[in-house]
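Take a look at the structures below.
You will see chain A twice below: alongside chain B first, and alongside chain C after that.
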Partner chain A sequence: MTAEVTAGLSKRFGKFLVPLVGVVALLGLDLLLDRVVPDSSLRQLLAMTACNVLVAVSLNVINGMAGQFSIGHAGFVGIGAYTSAIVASHLHGALGGEVSLVKSFVVVPLALVASATFAGLFGFLVGLPSLRLKGDYLAIVTLGFAEIFRLVISSAQIGTGETAGAAWRAVRGLGSLLHAVSVSLSSLGGQMGYSGPASDGVPLYAGPFWVFGVTALLCVAAWRLKFSGWGRALRALREDEIAAAAVGVDPTRYKVTSFVLAAVGAGVAGGLLGIMRDGAPSVQPDNFNFQASFDAVTMVILGGSGSVTGAMLGGAFVTLSIKAIEWVQSSPLLEGLRSEGFDLNALRMIVYAAILIALMILRPEGLLGERELRWGSKEQPG
Partner chain B sequence: MLFQALVTGFAQGAMIALVALGYTMVFGVLKMINFAHSEVFMIAAYAGLFVMVGIAGRSSPVVVAVAGVVAAMGAAAVLGVLIERVAYRPLRLRGKGGKLGRVTPLVTAIGVSVLLQNVAQLLFTARYRNYPRLFDNPRPVIVAAALLTMVLLEGIVKFTWFGKAMRALSSNEEAARLMGIRTSRVIAKTFALGSSLAAIGAVLYCFDQSSAYPTMGFKIGTQAFVAAVLGGIGSISGAMLGGLLIGILGELVKLTPYSGGVDVLVFLVLIGVLLVRPAGLLGSTRAEKV
Partner chain C sequence: MSLQLQHVTKDFGGLRAVSDVTFEVPERSIFGLIGPNGAGKTTVFNLITGVYEPNAGTIRLGDVDLGRLRPAHVARAGVARTFQNIRLFGQLTVLENLLVACELQKRSHLLGALLRLPVHYADERSMTKRALELLDVFGLTHMAHTPSTSLPYGHQRRLEIARAMMIAPKVLLLDEPAAGMNSLEAAGLSDQIRWLRDTFRVTVLLVEHNMQVVMDVCEEIHVLDHGETIAQGSPDEVRDNAIVVAAYLGEEDVNSVPSSMLQPLPSIRGGQLR
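The block that comes next holds the complex of A and B.
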């Protein structure tokens, strides 16, 4: 009897033990990372890696699990980044004082929730066409959405808003609405990027606690999602839509939900990118261009479409290679090459594109396929 | 001002239509979007540029222009066939279907596009290269050349054996093969033809815009793609109509204060068409699942 109670207790305690240890470890990491890793660019790399892992894992929900295809994921990331930067700057102004860990418990959750909500809303909008469009066409729509987002933000500069509004004011109602929209858009800094309402930099609240903690949490969520009933239904839908619908899987609901979930993940990743400690204090529209979307696709396909751990590996690998090339490019060793206009980033893109083409021809399911990396000898479920 | 914009838009639209034809023809025979088409356009612009700069001043402008167009067409045709051979044919031979059947050609096409764009960046560097100024007012030349090309294309598609084979392949690949059409050869020829049309468009575009750069394909490629979808992808007259509409629409937008919004508008048109009438203006309304 008592043995049973203690067993139950320890089981219940064990359930809380892992997250508890995790939170304590993350708090310790938040306070100590500066001392363990003194190089701030290295810390930035670690945080970037975590964010990109999140980008890859969220894109994997659409491209891998649902079998849809999005090449506009950077758009959702961008929406998240702008939203969290705006929310954090205004909260920072309202709270006053310095950036601190204690205050980050107010600012970061609010900023991330705003990012997730906003990105999810756009994910819903982009997901709606996925009911009528498939394959190439859906890809084009997602690309179109991401480009519209980037072009609208970067072309809305102070001044354009004013003249455009003036021209439209003749049309009552619609005109003033457009005017308001273009003025508020132009406050986002256009091509130069957003760096707070007073252009004094976005407050960087999200320390390692938030960046790594949220990433870990959402990766676990993605894993649970894949092996849940929802994930199985999604896979059934991917394999054969008509058969899945016949056994009661509603394609509309599942497709749109997968878009919304992926967008929420990307929004949170962007939200972290926008306000992460050691990051840049401004959000640039050109960080969310087609190349960024293509990088995200590369991450997912390299690892294996449908594999959560594969997407994580792909995200980490691509980020590290981007940074490695930036470092090599800026090193004095390459002075001679650089003066001849040798573009290492172009070389990286060539290599990635070639790998993608070769993978598609030789092994279209990616390195891991749908398998997951696991510790221990558990059976592959599903 | 409005008339001027219409004329400019017509010239722009004629060029866009030439590029759009390549998208639409490849879609007709392969049922896939050749994203690398915009990069073929860019490489052709460079090929034409190098030849024209090489022989400019030595002969009359017309000869130089024709030499440039021919060189660009040759380079584009070779590149188009090469892309089909290396990247698309292995996928096709493996057969369609499978759980990633729709995604695989798409990723390959985007991969080829990114590859070519960065190869150009590496080889030619990112700087803008100016085209030689051969004509004082290139617009009439552009319109005349584009219209002539379209008439010729209509002739090829309607009256030659190859055109017939292409149309047969487009309507039913299996039946076409059973009737003795060598589908692989027709597909390769279609790529060559579509790419050379893009090359003509590229050289004409550069006469108008006067410079070539590695990312030039993205903008014009998007507009051409939207034109093809707007007209009804797979339909040749649709691509021409769509190109003209996009060209004129773009010029009209430039009259408003939102002159920077052309690209946004092009994407909005695309999304709108896909949602309301995915078959496009002249496409068959027969239920084709897209």
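The block that comes next holds the complex of A and C.
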């Protein structure tokens, strides 16, 4: 009898149980992580890993699932980071200027929604023209877009915006719009990075609750995307675009939507990076250079294009290996070598290139290929 | 609902591939489109399915103007097709090949799938049920979970037709279904096409080189040469049409394939030609 009641209860509430336990666990983590992991640089590494997992999982939607090739993902991450830093800084002032977990429930959702919206909007603008064309146009356009984004932000120093704006103000209408744009761009700190409207640092609202919670949530979303009719249609498109169109799957619509979803994911990842606790209190344009985009591609290829869990593994591996190399480099053992100009960080690129080449020869489909790590076999592909 | 082409013209640069072609495919008929190589048959196919846009003229299915629609929307309007060189989603299983063709009928969309709403599961269930029924009709049930690329040729062709039927089309376009078939298989094809029309109540537009099949199965035939209409009528009328025979001369005999072509090829054994 009791067993029956329990079974009935667990059936009814079972699907709420996992999220509920997750939320409670994350709240606990948020409050206790400082004590469990006293080293703030280690906490930063953990949060950074989660963000990069999200970067890899979102890039996997377009590069892996949809079979397109984007090499400008860092641009969308950067848009997300700047947007959330700006939104959080301004809300911070309005809310009285004290970071707390309770306030983060207002600030973080708003900041992340703004990041996602802005990144998604740019994803649409970049994706629509380039995905209608075939071949490698997307790679070129995304690469160009990310570099333009970075260079515009970093070259708009305080002051240059004023003078350039003044020149434009002479022209009416469009001129005053350009003036406003250039002035607001120059308020982003240029090469020095953005650290709030008063340059007193971006308020770091996103604690472990948000960083790990949002990452987990979006990984689940990516998984569900893959194992749905949408994911099936994307695989079909990758196999044969003409045949897919002949049964009503519109290639442009599916590809552009996937690209926008990937940009939204990257925007959220950037949004978290911009305001994560234990992170840097400023957003630097050079964190979103071509190197960062290429790291994202490496994560996806290492883990296995098309695999959600593979992208997660790849994201974690690349982040941790970057840190491991930095750690090795800062050890006293190498102190002498470094003073003679030996740079391990440059070696990292050689190591990655070697790993990638070896992987392409030995296992071209990546660590997992398109398969997934799974605990049960509840959801089979298709 | 008939498929109508009116004064359809298509130019590629200076070349007029299709010139002022007009014909109507009556509902639930089996209609043949023939002509020598380069006559513009495939171009007409591509115009109907939205791969190309006509320079002039209209293509209508009932009240719907297909002329300006892209391929995916032509499919949504109810036009399904097969391809001369079979195009399947190779890495997808047989069942998945059919499920992809259901995307356009789904009630749930991206959000439903992401939130795993009840409508998502309902869609998956009803689509899988329909797909399995169709696989049963086409005798492919035992292969439902095989990747389609590992199917034998004949099964692949059947799967491609099953996939086309999955979108519940009003018109089915068959592009050279007898390609790669031997004469025995080709003879069986006529019955299969009639069976398709009667079972699924579709209109069939057939492009085919194999004259035996065309003469056997088609109720009406439209003949193109150099992009222009040269004849239309029943198989008997077309067969006896002097212009059609002239257009085909040197390429194929309209009445029958020359007996010399039916001889088996000389066998080559052990690397020696004898």
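Miscellaneous remarks
Here is the rule we use: the second predicted complex is superposed on the first by the 358 of 382 C-alpha atoms of A that agree within 3 Å, B and C clash if a C-alpha of one lies under 4 Å from a C-alpha of the other, contacts with A are read in each partner's own complex, and residues count from 1 in each chain.
By our rule, a residue touches a chain if its C-beta (ideal position, glycine included) is under 8 Å from a C-beta of that chain, and two chains touch if they have at least 3 such contacts.
The structure presented is a predicted model; accordingly, all values stated were derived computationally and were not measured.
Partners chain B and chain C fit side by side in the overlay (superposition on chain A).
Between chain B and chain C, B contacts the larger number of chain A residues.
In the superposition on chain A, contact is made by A:Glu147 with chain B only, not with chain C. Within the superposed three-chain model, A:Ile361 lies in touch with chain B and out of touch with chain C [touch as defined at top]. Legend: residue contacts after superposition of the two complexes on their common chain; A:Val297 is shown touching chain B, with no touch to chain C.
Of the two partner chains placed by superposition, A:Tyr194 touches none, neither chain B nor chain C. By the touch criterion defined above, A:Glu239 lies against chain B and chain C together after alignment on the C-alpha atoms of chain A.
Looking at the shared chain after the overlay, A:Tyr137 reaches chain B, while chain C stays out of its contact range.
Superposition on chain A leaves chain B and chain C with their closest Cα atoms 9 Å from each other. Counting contacts by the rule stated earlier, residues 239 of chain A appear in both its interface with chain B and its interface with chain C. If you check the complex, the residues on chain A that touch chain C are 221, 224-225, 228-230, 232-233, 235-236, 239-240, 242-253, 257, 382. For chain C in complex with chain A, the residues that touch the partner chain are 49, 51, 70-73, 75-76, 80-81, 83, 87-93, 95-97, 99-104, 106, 110, 113-114, 116, 120, 123-124, 127, 163-164, 166-167. For chain A in complex with chain B, the touching residues are 63, 67, 69, 71, 129, 132-137, 139-141, 144-145, 147-148, 151-152, 155, 160, 163-164, 166-167, 238-239, 290, 294, 297, 301, 305, 341-343, 346-347, 349-350, 352-354, 356-357, 360-361, 364-365. Of all the residues in chain B, the ones that touch chain A in their complex are 32-33, 86-87, 90-91, 98-100, 102-108, 110-112, 114-115, 117-119, 121-122, 125-126, 218, 222, 225, 229, 256-258, 260-261, 263-264, 267-268, 270-271, 274-275, 278, 289-290.
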